[in-house]
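Several structures are given next for inspection.
What follows is a pair of complexes built around chain A, which joins chain B in one and chain C in the other.
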Partner chain A sequence: MTDLMTHKIRIATTSLAGCFGCHMSFLDIDERFFTLCEHVVFDRSPFTDIKHLGEHVDVGLIEGGLCNAENVSTLREFRDHVKILVAVGACAINGGIPAMRNHIPLKECLEESYLVAVGIDSPQIPNDPELPLLLDRVRPIHEVVKVDYFLPGCPPSAEVFWTFLTDLMAGREPQIPEAQIHFD
Partner chain B sequence: MDQKTLTIDGVELSFDPRQTIMEAAAAAGVYIPHLCHHPDFKPHGSCKLCTVKVNGRFASACTLPAAEGQEVLNKTLELNQLRTRITQMLFVEGNHFCPGCEISGHCKLQATAYGLGMLDSHFPHFYPARRVDASHPDIMLDLDRCILCELCVRASRDMDGKSVFGIAGRGMESHLVVAAESGALVDTLIEVSDRAAHVCPVGAILIKHTAYEKPIGQRRYDHHPIQAALLQEDQGD
Partner chain C sequence: MLCEIVDRHGGQATSLLQILIDVQMRFRHVPPRIMTALAGMLHLPRTQVEAVVEFYRFLSVTSVGRFDVRFSDSVTDHLLGSRDLAARLCQRLGVKLGETRVDDAVSIHLTSCTGLSDQGPAALVNGHVLTRLDGDRIVQMADFIDQGMDLDTWPKNWFKVEDQVQLAGLLLEGELPLGASLERALTLHPADIFSEIDRSGLRGRGGAGFKTAAKWRFCYEGEEGAVPGDPTIARYVVCNADEGEPGTFKDRVLLSRNAQDVFEGMTVCAKAIGAQHGFIYLRGEYRYLLDSLLRGLKVRRLRGLLGRNILGVEGFDFDIEIHLGAGAYICGEESALIESLEGKPGHPRNRPPYPVTHGYLGQPTVVNNVETFAAAARIMAYGADWFLSVGTPESSGTKILSVSGDCERPGIYEVPFGSPVSDLLRRCGADDPMGVQVGGPSGTFIGPDEFERILGFEDLPTGGSMMVFSQARDVVAIARSFTHFFAHESCGFCTPCRVGTSLLGQLIDKIAEGHGTPHDLIEMTQLAAIVKNTSHCGLGQTAAHPLMQTLERFPERYQERLKTLFFEPGFDLDGALEVSRQMTGREDAHAHLTQSG
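Here is the complex of A and B:
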């Protein structure tokens, strides 16, 4: 962790099968973001609009679980490039609300959404080659790559982000206090 | 009568010879994590969260009678790591989606996980297909969240005198069933005033029309650490 102490920490973030709520909660650290930016620099992230990770990234924050093939390749790119990979929020940790489709066959999900649901105009199941293929089940990220830290919550509160990042900036092992642990 | 004593984590406490280790601990204000134990019902000993070390051997605190001179270990790193793994297994075995659950904030499984510092589910999720029974006008049965603690089975049989609930199947196939030919809750004798309707530690048995009555921040376990809240309940408050 010594280079983390002397250089700015490079952080990358992404939202996979998530709602961006975790990113919004991250921004809820409000003016502390200025303090944060004295110590960190953002790599690939919706905050920077950088599309691919740089060579040496210290921390990757992953919001959302895995619902399609693109999620899996993005997650693997993160794991390949970051030192510390963090599962952020309920969906990254256990699949979350998207995983509530898991006991319904994928075909039935698609038919319900695009063919038979009320108010559908020209029913068809989208099949453009640009669209990533859906997985049969939504998966939490620890089932595909090794995850180093978990920040639970839907979303994790701004305080959880701040605790984790300040611990990291100070070179301490991140420790989320019990009062900040929430699954909702 | 001579006061009998045992120690928990090195602290001496006295007990009544009819008490289990769990009861002696609760009476002395010592929290031992548990889910299937409830002071109003016969011990069941199935969830194993209350596993302690008694004179060097693992035992369930809720079923083992307290005895003179026992040296009980409770709040140790080893035991709490075992308890965390048990809790994680309960989470992955069912469908526990806290953000969308009516009982979130009032749930003993969730609060127990908080108390143990559980941050992730560790194991691969099963995502089982479980039944939801909304047939009863006042009571909802969502087996996605059932942890098979049998508190409803015991409450309905021993307190309500109705035996509405039972466990069928074995091993991975174990599941909660209701006493009705149709298999529907509405065809059983259960009423909303029954103890069995209110004893579920998770969100498997819910009273309809009461969801989300308390906003986030005012729910049972929002600010009370699980230890304090559960001890209060166990001591009858």
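Here is the complex of A and C:
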């Protein structure tokens, strides 16, 4: 990690099948964000609105699981370009709330939403090629790519993000204290 | 009708499971209204009744068929083609596996090992045992079921269960005269009974090998500070006949031909520890033995060997009750078994305190294996020296083994402790063994360079299951089957086991189906350590053994299945879009995904 001493760490973030809650929690590091920005530079991220990852990115933070084909493509773009891929929060790690639809067959979900529910005008299943196709089940990201670290929580607290990134910046193996990931 | 069932079982909350088993038999399920009624009659919360119904596999909230067929799904049954037979029966009868046909005529399920590995493929139909199934029988069976033919009219030989004792030793040779050991025990003070059993070196035959005399003495003495043998304290003798470890069937044979020895051993124990009540916890799969066991108990009562004032000794009262299990492997764990005896779901208890001081209803309880009681009876009759004449210093006496799998002569072998595995392999006619699963899935898998290891507590302890696998078998498939067995049988009480065993199952599926990468093997090894070290009871602590032991011995069998890629999903990624493609009619480039990045 010696190059990190001289170069700023490049971080990319995204939210797949998530609620952006993890990103909001990340921002809860508040004024420490300025300290962070002295050491890191954001690549593709909702913070920058950059659409695709640069060639060499150090850390990729993934919020949310996989619910459609676009999620899979985005995740793979991250895996291909980042050195360290991190599953952030319950949905990335386990599928979370979006995975509750896994108990209902996808066909029934789509029919209920677009064909049979009360109040639907001109029922049809949207099929524009612009729209990503849904996967039959919502999956955690580690089922599709190798994940290097997992930050648990719904969302992980700001402290977890801070500990994780400051450990990385200091060149240490990240170690989240139990108190920060102990929820009951 | 419900009142009659409840009364028959004494109307106690502890009989809940026994009552529900009868209800299930009567109605082919446990209707919600009956759960409500039972909760009222037994003064239990309705949720507790529901919890019991949901816990045991032989109880159901939806109706099973008038013919309820359950194919034994042990790996040894697989080797004999059981899965194929089950599929054929389903197909002929037009019913899906695990479901009940719309006309309620039939339901077909898979169930964990039914204890007939030496004469499989086996199945249960309405609780009756079918052995040596084959394609012809499946065809006929389908006809019988479709014609609604009563089980009494099915060919008798289909239900034939053979003992197949291939080698008899101390316990299976000859007959112990009825009451012989009890008469000797009556001449002895409890301390002398303990010391005789202690001198014989008898250790628990269920696999763990705890010293039997110590267990009995702890129960007699009670907690620290208690008066040893305090007659005001109720103590219990429990015989663990929940022989669920896949590949084990020696207790079935003991209970069919030597049940009196087992009863006698329990009575000797009762005499020693001062117990008045005994239970045999008989696994539901062995229900077909119930009538003969009840007859055996009746004989003892008539002979004054059970009941009040046994053999004329004033105040020596003891009787034995049989409780049935209902298809839960975990109930073989002694504290789960006690929970089940109390009519509750079979969740293992926290230990300590141990059952010897806090067992059935919180009272001091001895729980021993069927074989242990049978051995204790003979030791009492013939003396400790007789038992010590066989075996090794650490493991005296013999061990009854259930041998199944790829060998000429499967069945029961009673061998002296200290015999090498190779000796047994020769006897049973295993020509070309690749490995032996000693002690069932929770035991040890050994490969060819370990066949000289000896059976005994000093090397290879075993509850009695010996599954032999030939060179033609796929070791990864075997480990996979055992891993799914544990995931299926996890009681769900603790997270590391409930979730961990399922994740292990998914990982081995991924590897076995050719989607695994080196990363997955590392992942599996790490997960195995977590499941082993953090699970609540022995089930979770041993659930990863099959994977880890075979990985250690046959790493090449695993590695040859791995992709050289960094990572690949364990499921068909493009297939996961199929429903969406069909419903939208799309076939454009974005409507597909490649399997590996």
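Operating definition for what follows: the second predicted complex is superposed on the first by the 178 of 184 C-alpha atoms of A that agree within 3 Å, B and C clash if a C-alpha of one lies under 4 Å from a C-alpha of the other, contacts with A are read in each partner's own complex, and residues count from 1 in each chain.
Just so we're on the same page, a residue touches a chain if its C-beta (ideal position, glycine included) is under 8 Å from a C-beta of that chain, and two chains touch if they have at least 3 such contacts.
Note that the coordinates shown come from a computational prediction; the quantities given were computed from them, not determined experimentally.
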item	value
Overlay on chain A: chain C relative to chain B, clash or fit	clash
Partner chain in contact with A:Pro152 - chain B first, chain C second, else both or neither	first
Contacts of A:Glu143 with chain B and chain C, given as first, second, both or neither	both
Touching partner for A:Ala17 - first (chain B), second (chain C), both, neither	neither
Partner chain(s) touched by A:Pro126 [first = chain B, second = chain C, both, neither]	second
First (chain B), second (chain C), both or neither touched by A:Ile29	neither
Which superposed partner A:Val88 touches (first chain B, second chain C, both, neither)	neither
First, second, both or neither for A:Leu168, with chain B first and chain C second	neither
Chain B versus chain C as contact partner of A:Asn102, first or second or both or neither	first
Touching partner for A:Ile9 - first (chain B), second (chain C), both, neither	neither
Stretch of chain B penetrating chain C in the combined three-chain arrangement, among 184-192, 202-210 or 220-228	184-192
Shared contact residues on chain A - chain B and chain C	137, 139, 143
Touching residues (chain side chain C, partner chain A) in the complex	519, 566-567, 569-571, 573, 576-581, 583-586, 588, 590-593, 597
Complex contact set, residues of chain A against chain C	69-70, 72-73, 76, 79-80, 105-107, 110, 125-127, 129, 132-137, 139, 143-146
Residues on chain B engaged by chain A in the complex (per definition of touch)	91-92, 95-101, 104-105, 110, 113-115, 117-122, 124-125, 127-130, 216, 225
Of all residues in chain A, those that touch chain B in their complex	87, 90, 93-97, 99-100, 102-103, 137, 139-140, 142-143, 147, 149-152, 154, 176, 178-179, 181-184
